[in-house]
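Letters A, B, C and D name the chains as they come in the text, with residue numbers starting at 1 for each one.
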Amino acid sequence: MMAEERLAVELPGLKLKNPVMPASGCFGFGDNRYAEMFDLNELGAIIIKAATLKPRIGNPVPRIAETKSGVLNAVGLQNPGVDVILKEKLPILHKKYPELPVIANIAGATQAEYVEVAKRMSASSMVSALELNISCPNVHEGGMLFGTDPATAQRLTKAVKEVSKVPVYVKLSPNVTDIVEIAQAVAAGGADGLSMINTLLGMRIDLKTRKPILANKTGGLSGPGIKPIAVRMIYQVSRAVNLPIIAMGGIETADDVIEMYLAGASAVAIGTAHFNNPTACPDLIKALPQKLDELKIKSLGQLIAEVRSAQ
Amino acid sequence: MLTKNDFQIIAHQKSAPNIYRIVLQGEFDYAKVKPGCFVMLKLPDEAYQLRRPLAIAACDAVRKTITLIYRIVGDGTRLLSELAVGTQLNVLGPLGNGFPLEKVEPGAEVLLVGGGTGLPPLMLLAQALKEKGCKVSTAIGFRTAAMIFGEEEFECTGRLLLATDDGSKGFKGNVGELLTEQNSTSQYTSVYACGPEGLLKMVQRHFSATEAAIYLSLESRMACGMGACEACVVSTKDGILNKRVCVEGPVFDGREVTL
Amino acid sequence: MMAEERLAVELPGLKLKNPVMPASGCFGFGDNRYAEMFDLNELGAIIIKAATLKPRIGNPVPRIAETKSGVLNAVGLQNPGVDVILKEKLPILHKKYPELPVIANIAGATQAEYVEVAKRMSASSMVSALELNISCPNVHEGGMLFGTDPATAQRLTKAVKEVSKVPVYVKLSPNVTDIVEIAQAVAAGGADGLSMINTLLGMRIDLKTRKPILANKTGGLSGPGIKPIAVRMIYQVSRAVNLPIIAMGGIETADDVIEMYLAGASAVAIGTAHFNNPTACPDLIKALPQKLDELKIKSLGQLIAEVRSAQ
Amino acid sequence: MLTKNDFQIIAHQKSAPNIYRIVLQGEFDYAKVKPGCFVMLKLPDEAYQLRRPLAIAACDAVRKTITLIYRIVGDGTRLLSELAVGTQLNVLGPLGNGFPLEKVEPGAEVLLVGGGTGLPPLMLLAQALKEKGCKVSTAIGFRTAAMIFGEEEFECTGRLLLATDDGSKGFKGNVGELLTEQNSTSQYTSVYACGPEGLLKMVQRHFSATEAAIYLSLESRMACGMGACEACVVSTKDGILNKRVCVEGPVFDGREVTL
């Protein structure tokens, strides 16, 4: 089997030559210096920064703090708004990388706002799928609230599905007592897939000022320290809900990617790993075939099938 | 070209209490280095998820070395200070826009103002301005004589105005008071500053009424260094956090940036 | 002020010469080799391993897996049962260290079992306080379930309080959507204090066997990687509920101890740090006075007061 | 006394594919070291929360050194293998009960059976048994000739029975088949084994009908190493997980322990 075919995976709305994509918020709209370090065409897809209806200036600084094997961020969904993204950001990306699938992360303070952003975003031919962000811990209205109550999550998913012209992946919050319940709710709402997991709510306090390091006080914890929580949640959800899962949460190495597949994932997104290693995505894509050989796995497609049938 | 290559530590010593000077040898795009540019060092311990941004204090494209000068402020710089000569360190860079040297004329009188770990980028800048034929004055301040570093570097490139809070060496007081006392506002065509927020604000105030171009090099907590994560933003005149220190900075027009 | 006085703290039922104690499950009943490395009398107190009514043999092995900046454990409350603990374990500890305050962690599968264990345990003159473990993720009945539903948690706390002869600290689970709600419930149930946090539910999968590394599949995640979550939860709860908090979750250094105090804690417990550093507790006790000097803090008692009044 | 002291790496080399031999110099209670004892090494990276247990393969109380032999199996041992001579490593130990040497008579015929990384503790044991005047035979197995290590050590202490799965050196087959072929069951008064579970089970089966004392050294995932956390438990006859490898073990009576 050709190297490419081994890594190819197909998900609703997404024919990916490989399963590796930058996670939302860690790669902007592709308009950054990563393109100087590798060819973005190598990526399986790109998940762009959250889009809201109106421009958002985000939270005050500091927006970032370091923790052991993790990072806290409280960027606060800074973005120029869906219309500017569609008019100015995506065309640049699309012109340079016409074949690169784009997943648009969308957020809002109200259901109406989500629906409006979904309508506009999904109407674009440059967008292959939506990632419905019901799990951002860094905004004070909406955000995570939509992701912690099953009924609200189901209603929102259904409303977005009704207007969306592309498949909808719902991005779940790990800050819940029972992730399976939420996953089942969004599945009932018509979700085409799931993204798991968003960040865990955390805090660091500065010993000298006695105040939280982040201006927003709390922030979202990401990075390798949260990987065992992501693996557990994906394992639980993939056994309860029959939807493809884009896995994220601390992935750094090819081993981590395979661990997510064994938990029940169908594709992976990489966030925090970019900070230590800006070529994390292409490095993973290069390392995967050898790892598959080592573990005697024919292809990722077959691995997905084997894991599902062993469940 | 932007690269992340392993450099080797070829010299590493203490220059002052808690201040270290490290010389790294390796390949990167030396042609792109301008005064004010920085690198991001990966710490050799897996628990750390963020690289540490440090300004380039000296740069030798022939020997393929860069010099960084850093203060121990937390766990990352402490770990750095323990690394032996010979160790490999991964260097991402060169990053950032430097000071806009093309805007200053040979022969111009320029002032550099620095404090704390704001000195390193000014060292490379002083060198470049001197090479360009400018008349360089540098005003730097320390808490006390024992803390001073970088004195020789700035004496080589022009006039050095030194202040210590306790008067143990040079002018007694801070750099702002030194500048006021010297009545030095009008002769400079450009003023370049790097250091703590208080110092930068003082420079803004001190020179706002003059004709001088003001350039401030800022620090900000960074994650990616690539302009992708929006962690490092600062505000310009319009008051919104719309400029990224890692790509639009770290040097900003001192008349536009809001501190 | 004398060094000792600076570190002394007083909590319901506990006059501690310093605030540092080994966390439940990481120090057994004191009958282990730690005593060869330092004098247990140096400790502020000791929190013993969970006691249940009947002996428990615990989960099958492997019971432990490593994660980045964390550890997963699924020991499963192995213990010889409350009566053996009272008859054989505690007397040994008490004889060697008559002044060392003992906090007894108790668990059960039903409310009746909790109540019975609490009754017997609290009747012992060797026990200064109970730590009501409503948050163990590694047992299949009871355990965490009591800690995820506010009404159940409140009822259990009340029932245990009615029979307990010593103050009751309720140990909260972080695996919940809203920790404040649970804390308020157990406060309403009459808790004298809180212990925060127990472990987060996680998983690691072995790439070769394709099975979870832990025989129990999931385990509890502890260690420095979870500290930002603990800090956030303690910060939120200390602002909402007026009860002293014993903080735990990734504490390794004197800095970490102060960070917990700034979040709102009154004492600290150390678990995972023992594994890399068996003298973690005495090392912290030695390091604290210098850290207080450095931060110009007169005493921990005063720090608690300052933090509370700034809230 | 149990200590956690910094030792210095004074030698470190590869002995076979993926197998490394490391010599550490430092202070600990050398008098307490018995064959079968182990140490727990702290990895020099903050992301790792668990020490790595490794058996003591050789021990020199005069030069104050211990030798460990390890296989790279995961991230921790890989990191270990990259450490240079001169680096400090924190060593917790000595830990565990060793093989009960007091129970064997001088002149007794004893058999050591080992595979994989079960060999290191047997090296120290073979030495001790030889010094005691026992007649030591050692049966060890490898996948193929290129993987062999420890050959000299065991040749020095008595008779060596070597097996390779592919027959590239010594007996063709595994150690169990080697013992069956040699018909060697009855002559030994004690049998000591360390290695993969399959090998230990084979030894249990092979010698259960004999009079020989059977001692098995077990591995188990550990957290504290101090008998406090109950992570490392194994079952003895009564079928419950009631013995801790780190304090009651790692050596158990092969007729009692349930694998």
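Everything below uses one rule, namely that a contact is a pair of C-beta atoms (placed from the backbone, for glycine too) under 8 Å apart; a residue touches a chain by one contact, two chains touch by 3 or more.
For each chain, UniProt lists the protein as follows: A, C = Dihydroorotate dehydrogenase; B, D = Dihydroorotate dehydrogenase B (NAD(+)), electron transfer subunit.
Values in this document were obtained by computation on a predicted structure and should not be read as measured data.
Under the contact definition stated at the top, the chains bordering both chain A (Dihydroorotate dehydrogenase) and chain B are C, D.
By number of C-beta pairs in contact, C-D leads over the other of C-D and A-D. Compared with chain A (Dihydroorotate dehydrogenase), the chain whose C-alpha mean position is the greatest distance off is D.
Mean C-alpha position of chain A (Dihydroorotate dehydrogenase) lies 34 Å from that of chain C (Dihydroorotate dehydrogenase).
As a whole-number value, the distance joining the C-alpha centres of chain B and chain C (Dihydroorotate dehydrogenase) reads 46 Å.
Touching two or more other chains at once are residues 46-48 of chain D.
Multi-chain contact residues, meaning those touching two or more other chains, occur in chain C (Dihydroorotate dehydrogenase) at positions 67-70, 223-224. Taken pairwise by the contact criterion, the protein chains are fully connected, each one touching every other. Touching chain A (Dihydroorotate dehydrogenase) in their complex are the following residues of chain C (Dihydroorotate dehydrogenase): 67-70, 72, 148, 175-178, 200-205, 207-208, 210, 212, 217-218, 221, 223-229, 231-232, 235, 250, 255, 258-259, 262-263, 295, 307, 310. Against chain D, the residues of chain B that register as touching in their complex are 45-48. Across the complex, chain A (Dihydroorotate dehydrogenase) meets chain B through its residues 25-28, 31-34, 36-37, 49, 57-58, 60-71, 73, 75, 78, 223-224, 272, 274-279. Remark: chain D residues 1-4, 42, 46-51, 76, 92, 220-234, 240-242, 247 touch chain C (Dihydroorotate dehydrogenase) in the complex. If you check the complex, the residues on chain C (Dihydroorotate dehydrogenase) that touch chain B are 68-69, 224.
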